[in-house]
Amino acid sequence: MHKGAGATHWFIPDAYIPEKSSGLLTSHESVCVLNSSSDDAKLLFTIFFEDREPLEDIAVIVPGRRTLHIRTSSLQKDGAGIPVGVPYAIEVKSDIPIIVQYSRLDSTQAENALMSVVAYAVQ
Amino acid sequence: MHKGAGATHWFIPDAYIPEKSSGLLTSHESVCVLNSSSDDAKLLFTIFFEDREPLEDIAVIVPGRRTLHIRTSSLQKDGAGIPVGVPYAIEVKSDIPIIVQYSRLDSTQAENALMSVVAYAVQ
Amino acid sequence: MHKGAGATHWFIPDAYIPEKSSGLLTSHESVCVLNSSSDDAKLLFTIFFEDREPLEDIAVIVPGRRTLHIRTSSLQKDGAGIPVGVPYAIEVKSDIPIIVQYSRLDSTQAENALMSVVAYAVQ
Amino acid sequence: MHKGAGATHWFIPDAYIPEKSSGLLTSHESVCVLNSSSDDAKLLFTIFFEDREPLEDIAVIVPGRRTLHIRTSSLQKDGAGIPVGVPYAIEVKSDIPIIVQYSRLDSTQAENALMSVVAYAVQ
């Protein structure tokens, strides 16, 4: 049995789904989670906006000894997802320690732009 | 009531507002703040330069349970803002814990370049 | 004699070898290790996937007072390497403290996109 | 009088000066230092390579209450600088706390690619 590593509470202040795509790749963001333990990790995402109440507690499971690269456009609660073209922020809570990295591919122009950060962990 | 998370003192050493834009998007920087607490966060920005005294204590409010993606070109004190095309650095102080990420879109060329860092937190 | 600095256990949740290259540069990822001590560092890489068991304990040596920028496409175990075009994650263990940074160059389009993070260190 | 913030020992494992530039901007790297204290900071850079001994103790001064964005191509010791097109790594020591961020602009292709990390601080 493997023990998990990392932290159980993570934040990404700069999230944004670009409205446009061109060229070979589609604009998107991924929240990349690594669960190095042998147990499943039960995650809850909360989405914060600039001008409205947060979308709270969207559930995602990451199996043990697996990574999951989660497209933010796939996160939904009661049919409500994250709108494109608006600034937002992400909170991730997990029942066991995980590691979280956030990356964005912007293909608004035909040539791509990439950014990535290891999320901020509350220790 | 939600408690805040993060830190109250953050630094971004590499800030720069590109002089040019081309293509579909405008060159800009954003200081992205997440205030996960139920209370408003009162922020003070100080801007450091290579060759002159800092511009101190520019006030910004981030409401409770909200994110704010602040364009650096909007920061002003007594009518003085941040000049374009000069290297500078940013200090952010807050009265309650927040999380800070900094991102830059450079569209000097028609195709875009992106960079992002979680700011450095003083614990 | 120089003592090492950093940590002995590092994680990179967002790894991906792009399938395509165009223009002057080849799409690739590098795991960049700095061993500031006078002794060799013995590293073990584990590669995590979304849909299969991890590839465990690929050995790499970083000599003392040297850096090594390791192409992920060079990592192999019993003839098995990392497939291109699939999301994966990386764990690096070392017998002495090192510092690990991960960077990706994507040249799917002729113009390049770059991203980089300091890996997550378990303290 | 202002006290400094940050750390006195920093590392950047992935450094590289691109050989080519094209378009409007020149390929370069910057080590961006913020000295928020009222005193000057005395820095010593050590440059690590893959295949030769380090270049040790290149001195740089960052004045009090100032930022300095240092082009790595300007770092020299006894006439020896950092060669272009080779992977290397950077250590920064300071006599007082500072904050260090590293950024690279690659304009090998006409359109630019950007990457940035807050350096790794030894606490």
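Each chain gets a letter, A, B, C and D, in the order it is written, and its residues are counted from 1.
Criterion: a residue touches a chain if its C-beta (ideal position, glycine included) is under 8 Å from a C-beta of that chain, and two chains touch if they have at least 3 such contacts.
All values derive from a computational prediction rather than experimental measurement.
**Q** At the place where copies subunit A and subunit B touch, is the share of residue numbers found on both sides over half (same) or under half (different)?
**A** Comparing the two copies, subunit A and subunit B contact each other through largely different residue numbers, since under half are shared.
**Q** If I superpose the C-alpha trace of subunit B onto subunit D, what rotation angle comes out, expressed in steps of 5 degrees from 0 to 180?
**A** Going from subunit B to subunit D via C-alpha fit gives 90 degrees.
**Q** Could you work out which chain's C-alpha centre is the most distant one from the centre of subunit A?
**A** Between subunit A and the rest, the longest centre separation is with D.
**Q** Rounded to a whole Å, what is the gap between the Cα centroids of subunit C and subunit D?
**A** Distance between chain centres, rounded to whole Å: 22 Å.
**Q** Quick check: how many Å separate the C-alpha centres of subunit A and subunit D?
**A** So the centroids are 31 Å from each other.
**Q** Going through subunit B residue by residue, note those that touch at least 2 other chains and give them in order.
**A** 110-111, 113-118
**Q** Using the touch definition from the top, list the residues of subunit B that touch subunit A in their complex.
**A** Per the touch definition, subunit B meets subunit A at residues 5-6, 23-25, 30, 32-34, 36, 65-69, 99-103, 105, 110-118, 121.
**Q** In their complex, what parts of subunit C are in touch with subunit A?
**A** Interface residues on subunit C, with respect to subunit A: 9, 11-14, 16, 20, 48-51, 53-54, 87-89, 91, 104, 106, 108-111, 113-120, 122.
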